[in-house]
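Pasting the structures in now, so scroll down.
You will see chain A twice below: alongside chain B first, and alongside chain C after that.
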Partner chain A sequence: MNEQTLTPEQRTANLKGMGTSRKRVEDVRFTQGKGNYVDDIKMDGMLFGDFVRSPYAHARVKNIDTSAAAAVPGVVAVLTAADLEPLGLHWMPTLAGDKQMVLADGKVLFQGQEVAYVIAEDRYIAADAAELVEVDYEELPVVVDPFKALEPDAPVLREDIAGNMEGAHGPRKHNNHIFTWEQGDKDATEAVLAEADVVAEEMVYYHRTHPCPLETCGCVASMDKVTGKLTLYGTFQAPHAIRTVVSLISGLAEHNIRVISPDIGGGFGNKVGAYSGYVCSVVASIVTGKPVKWVEDRMENLMSTAFARDYWMQGKIAATKEGKITGLWCHTTADHGGFDACADPTKFPAGFMNICTGSYDIPTAYLTVDGVYTNKAPGGVAYRCSFRVTEAAYFIERMIEILAIRLNMDAAELRRINFIRADQFPYQSALGWEYDSGDYHTAWDKAMKAVGYDGLRAEQAQQLADFNAGKTRKLMGIGLTHFTEIVGAGPVKNCDILGLGMFDSCEIRIHPTGSAIARLGTISQGQGHATTFAQIIASEIGIPADDITLEEGDTDTAPYGLGTYGSRSTPVAGAATAMAGRKIRAKAQMIAAYLLEVHDDDVEFDVDRFVVTGAPERFKTMKEIAFAAYNQAIPGIEPGLEAVSYYDPPNMTYPFGAYVCVLDIDVDTGEADIRSFYALDDCGTRINPMIIEGQVHGGLTEALAIAMGQEIAYDDMGNVKTGTLMDFFWPTAWETPNYQTDWTTTPSPHHPIGAKGVGESPNVGGVPCFSNAVHDAFRSFGLTQSHMPHDHWRIWKTANGLGLHG
Partner chain B sequence: MSKMHVKMTVNGKAVEALAEPRTLLIHFLREDLKITGPHIGCETSHCGACTVDLDGKSVKACTVFVAQANGAEVTTVEGLVNDDGSLGVIQEMFREHHGLQCGFCTPGMITRAHLLLQENPTPSEEDIRFGIAGNLCRCTGYQNIVKAIAASADALNAQKEAAE
Partner chain C sequence: MIPAGFEYHRPTDIGAALSILQEHGDEARVIAGGHSLIPMMKLRMADIGHLVDLQDIGELRGIATDGGTAVIGAMVTQHELITHDGLASAIPLIREASLQIADPQVRYLGTIGGNVANGDPGNDMPGLMQCLDAQFELTGPDGSRTVPARAFYEAAYFTARDDEEILARIHIPIPGAGTGYAYEKQKRKIGDYATAASAVLISVQGGSCSAASIAMTNLADTPIWAAAAAAALVGSSLDDAARSAAVAAAVEAIDPVSDNRGPVEFKKHVAGVVLRRAIDRAASRAS
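Up next, the complex of A and B:
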């Protein structure tokens, strides 16, 4: 076989392009322990930083005595806010337009808050010395309940902005209030609610949890005093944005800052924001002239870095007696902790909570969100989520179930009659979004058929009869969810973070021998970018994916981009990759035409070559074209073959899916045994089915964790009750089920390759599905709402409250 | 703090060093020996990212003092690579079955799988799930890890049969 005789199918297969389950190129390193994570970095003379943290949730810091710590041999310095203040670095901006203490400035607002930073020659000495820092605290009244925080006589938490009633997102109505965000039509929605046949009302709480990637956050800051260049290695999901932020807050010129995200051991939103550890390490390196490493431990990670959720969502849903939904109303109380450190686009202080009309054609809706300060850790990040879409999906999927109970209807049928129809796309939602594409009925029907829905309901009825007859103590629950996501932030016209537009980028260079290197503004944290983005390029340009190197995360070499979170890599950087590929292909076409001595329009792209139209035996392969691009003088064409694309998406993408969970609940022990889980995802064009399936498995397992036990819980004193993996539920292989995955394909009409993104879908759809299954098991006993997480104790309590323990 | 003389065999090589007795084995491996395959995920023995093989037992190196490992034979994920530098069977099967994503749990997970398959060369799915319950993964949902370990068992058994 040679270039001439290979069939187009064989040539396509050789590319390992889009649609193939290409094995991951990352794995050769990772499986033999040759990853390069931030804690693997070692540099000559490197120092280690460690924090002294507040044991109190709310206290005045009256004095900090660092003398004993500073006297420990091997301790280089101990920093407090007083040391950072002359530099203007004792506070830093948050991504949400608020500001946050880097080190405690007069008071602390949550347990685990950074109070002092010890720099020492090794990590043991730093930890020893941190124990010796004496802090004199005066305890203040603690507020952990966001509703109590808004009471008139509540203690003022943020004294730095007390009395300043204009916040970053409009007026504040209380010293502990951050913002009110309003979307939709209030009057019209209230009119619909007043006239509706049926209105179901419920408080739906999505509890506080944490992304908790296996690798905690950390960095190595290295200031070269000779060149004046700062290199900052760290667990950054958005390295370019970190460079800009470091430049803005430190005053260092941006070209003198090089940010490098090495391999990242999972992010899930935890590694988007800026933390005190980064600022203190940079300062320490500038002061000492030595590299400084800071890596938090697990307890620090769970207590102080960005939490997620903590949304109290009061909902009203109106419908006709036949079940046609006519309106949706929601008021959310959002607990942000001591500082507003969400990572939402600026114009969306509650993220994309206004996707809460979900998959349904709801003509009228109204949403308000009140952000509130409490004595808890700051955050509110998008944990495996596109800016609060998880909360929105949980809310609507619970409200649908609650409405089904009110209407005495089957919840699958209620969904079916309210879905947005395929012919309604692009669909304008009542809360302001234009859904790009979808075919919900097809997905739903496929799911119902795959699980044998009617049979499941019959089986459930039999099991209920057996339960009532005393033959079993187990109840069967069938959880349903049809979710619609909104990902790929986003169009620069309405999406920015701290003023940085949310485009993304890809630069591709073809080498003379026909291999290539591509660099992107994103950064993989396990998603397999080096594998999948090469597949996009392979299909677009016709160079085998195995011949393409992918690089991300080094701001000195990669084009500027906003990073990886909110399922934005494929929708935004993936689009940039395709567009850069098309620029290269356009130039290659001109070169091929010259080489073949025909007009540009007389050659056409064919898998890995340009052929003369009508004469397929006359062609130039991309390899030949690449060599000519560099080495042959072609009139009117510059040498070289490379392109860069900065892609500003015209719209978000809207992946969707239909999930079904079946479980059995032991009413006496509160245990829930997952019998099966079916997940149909429609993420548009599928780039690597193997990786998609892996993302779904992982996202569903995080959903299992959140729905069934994982939480950041506080006691009334503001003590974190779940600060280690002993208490913070993280499912093992033993309690994790096998999942059945499935798909439909509805490409995005505005994305160059039709891809929508998938990493977060299973978490967005999985949580309501598990939770609905638990609720469904108790439906016939009158349960409408019990808050997550559904751990054994809470399920037992629910059963007990319903009188099921005799 | 005074240092002690530590001797052990790591991945088949004899090593000798001075270390504070309180040094954790994971730090000794990572900082002193620059064996950075085993990772630190929790420091409380829950996550298993630091799993190494110590005298034929899977241990979590974040809660073992180097003093306790004195004289021991230690194997890490780096020691499971074939002599010619190619991936060992389990490593290859993790790649083949997409048993990893971010890669942070992978060294501990593979090291645990390595010993599990010595303890039980023909494990059922249940055996595998129970056998790796001390190793947490945040990315994969375990389904493909279980598949990779089952496939490793088959491949290793086939190798053994072929050799006999």
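Up next, the complex of A and C:
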């Protein structure tokens, strides 16, 4: 069949554009072991770095003796803070306006903190020599509880800023206090609480956990002393920002730095920040003139690179006796560890925690967040979520359940009567956001119908009766969640990181034969960008997705962008891609009109071609147009067919979803058996349904992990109790339930293709859904709140505390 | 997670392995499947100068089930225990327990000998072997000797095996026809050690319990063969009171420690629950 005879539907299908479950082009190499990760990089003469780390959570470093380590054959150098100080690199700025020790400068503040850096010709020699570095520590009192950290006589952790009561985000009220962030109307909220029919109050703790990507963090720094150029390969979720940061803190000119993120084995926020390993490797390469590789091991990853959550959220929710919510109050105590290294936009020290009014029309609300230093690892990154959105969603979805208990109402109905209505969008929330779009009632009703909600409640009641009659020892729980995310940071007017506006970018070049290459400022860590962004271009320009190469992560070739985290790739870079495509299409239209000898306005785009209006037999395909762009002298039009777009979104996007989890709890062993999980996601326009489903499965599984067992736990001495995968819960296929996915489509009104982002939604919605199911199983026995993770012994403890063990 | 340097030896017969052990004394350790020892070396909690890999020693392999006793070579993998039809029909309890050890990838390498000889209280096979009254055949410079599983474990990682001895074979009396069995294990996830596990054998004759054996795993610094618990069943009709008495006796015998799986109180409770389920299942299978 030639191009003349194909139907528009056939031509559309050939493009594999938006809406197609196109197979992931990345998987050809990943499934054959042909990926190229940081640790796959091998260079001539490459050296290896390894850290000496603190065994103590809080100690003074009185002396470091590196002589024995330096004497080991094959050791090139051993760096300490004293070596970095003349370069001004013994401390580095954090993304949160704080500073962090690169190597211990007089003291250590958390177990696993970097103390010395050994550089050797061989990875094994580096590890052997690290054991020989003798560090003389004087132990100091340890503070692992953020509330105790704020007591008047608490030990001062950050002596470098002791007495300096003006922090990066306003006044500090204690030497261990970092910031207070305040949103909403305090007086109005307190008035509502005072007058409400009902106020439910509870402390909701979202425990400390860790993104723990399959590939740990690492880099290879290579300084070419002849050209003066530094190439830095690394597991960076934001390679362009890393280039700028390296330039600012090292003094190297930015054009002499090339940052490359190769294939990345998962990031989930863990790979956004800058770590000591990067700084030390760069210094080591500059000093030695040789490439230096540093890759952390699993224990180092869990103990020292960025954690997530650790929010203590005290909540009050007010309602009428009929269940209409009238106000929400929240005070959060945020444990940031030894340094404030949160990865949040500058003006948002607690991220977007002020999305905590959730999916509900709550007229009055007030939020305060106190950031606190403790003797724990720094971080506070967005683990598969937009900045602190998981914490916010968990908080409001628990408070709704607690209110339902207080009102003796069905929690599904309580949600329904409080949802923001479709006709209220764009919706101005009490805590300052403008929700762009949503249709919560439609999604909720679809979910309730799909799971047979009334039938589930009847079944639960029967099982409870059987339990009370001694016929079973299992309780059935039904977990509900309706979450609203806020992603796609973000408008440059209020979102920046280190002063860099959070736009993103795409450059498209059409080759003479009609194929193309596109480069973006983002970087895939498994999301499938090479597949999905090509689909956007295919639909926008009319070139088959299979004919488009997509590249990211090389700062020498890709346009500047702020990277991939916070579900921002599709909302921001995806928009840039569509806009760049439209620029190309506009030029293609002029070329087509010239070739067809008609006026520009007399041709119209038709899937993969421009057609003369009213004369469908007269057209030029994009392939023909591309060739013409390179071989014809067209009056008034430059040769070539390329475009670049830098997109500054006018607003965030607000994906949402309705989830239902059904599980059975064995009250005697504390085991929870997930019977079913239904997940309806509305991410606006769907680019690749298969990838969406994969994202939802992955995000739900991480949610399962967090809700049911995964944590970074410390003992009173600040020792990490969960530093290996034996104790840090990673579900295997065996523990992972089957998921039923579903969707509604409410396009974003301001996004060029209406897409909203989906990778993080299932983690944001999944955690409260699993947790609510556990709570719901015990609701009839009087449980209102039990903190995550819901592992066997904590569930058992709940059952025991409720008198269910006789 | 980078181990210190070590010498690697790969002998092809027991005699050669023994002479390496004699030559290097406590600097040498044998390695079977390596699931315990290699992580300890990578964590630098075990510093091994000479690693003696047993995988090329053919005489440590093989399963025989004739003559009323099963004889299992120390290097037999858990995968082989599961897939050996003769063993599965002679002692189905071994298959049931082996299927609860980690995942197939681990079981392809993990050996019965390594599992029982390492003395790790978290391992499943030691308790299982005590339940089955296995005999461990140890070969050393002065020849072979046999130690009952029930007398082998002294403390965590301390056993009756001398440093210069190698566990060669395990001899297990094949239970009589109709013996009921069960291995019940609670764990946090695939690959985890047991929060609590128990192995149970029950024989019945003429409506009453004629013999029983009960062992508990990861509930003390050694496996616990709970003789008093078994005694509470023998002679009874396996009625509820007898089963409860057995559970109470076993919970009395264990001595769990608090860890990330939970506190002592929880572990004792779960141990009782797990054992009760094992007794119920074993009793239902006894004929």
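For this structure, a couple of remarks:
Basically, the second predicted complex is superposed on the first by the 806 of 806 C-alpha atoms of A that agree within 3 Å, B and C clash if a C-alpha of one lies under 4 Å from a C-alpha of the other, contacts with A are read in each partner's own complex, and residues count from 1 in each chain.
Following the convention adopted for this analysis, a residue touches a chain if its C-beta (ideal position, glycine included) is under 8 Å from a C-beta of that chain, and two chains touch if they have at least 3 such contacts.
Computed from a predicted model, the values in this text were never measured in an experiment.
In the superposition on chain A, A:297 makes contact with both chain B and chain C. By the touch criterion defined above, A:702 lies against chain B but remains apart from chain C after alignment on the C-alpha atoms of chain A. In the superposed model, A:727 lies in contact with chain C only, and not with chain B.
In the superposition on chain A, A:50 contacts chain C only, with no contact to chain B. Once chain A of one complex is fitted onto chain A of the other, the partner contacts of A:528 are limited to chain B, with no touch recorded for chain C. By the touch criterion stated above, A:26 is placed in contact with chain B alone, chain C being left untouched. Of the two partner chains, chain B is the only one that A:37 touches; chain C does not reach it. Applying the stated contact rule after C-alpha superposition, one finds that A:124 touches each of chain B and chain C. Once the two complexes are overlaid on the shared chain, A:468 sits clear of chain B and of chain C alike. Of the two partners, chain B and chain C, it is B that touches more residues of chain A. The interface of chain A with chain B overlaps its interface with chain C at residues 123-124, 297-298, 726, 730, 732, 734. Partner chain B is touched in their complex by these residues of chain A: 23-24, 26-35, 37, 39-40, 42, 123-124, 212-216, 263-266, 268, 295, 297-298, 525-528, 690-691, 693-695, 697-702, 724-726, 730, 732-734, 736, 738-739. On the side of chain B, the complex with chain A involves touching residues 20, 22-23, 27, 30-31, 34-44, 46-47, 49, 76-78, 80-81, 87, 91-92, 94-96, 98, 100-107, 110, 128-130, 132-146. Of all residues in chain A, only 50, 123-124, 126-128, 131, 297-299, 668-671, 709, 713, 721-722, 726-727, 729-732, 734-735, 791-793, 796-797, 800, 805 touch chain C in the complex they form.
By the touch rule above, chain C contacts chain A in their complex via residues 1-2, 4-5, 43-44, 103, 186, 188-193, 195, 260-263, 266, 269-270, 273-274.
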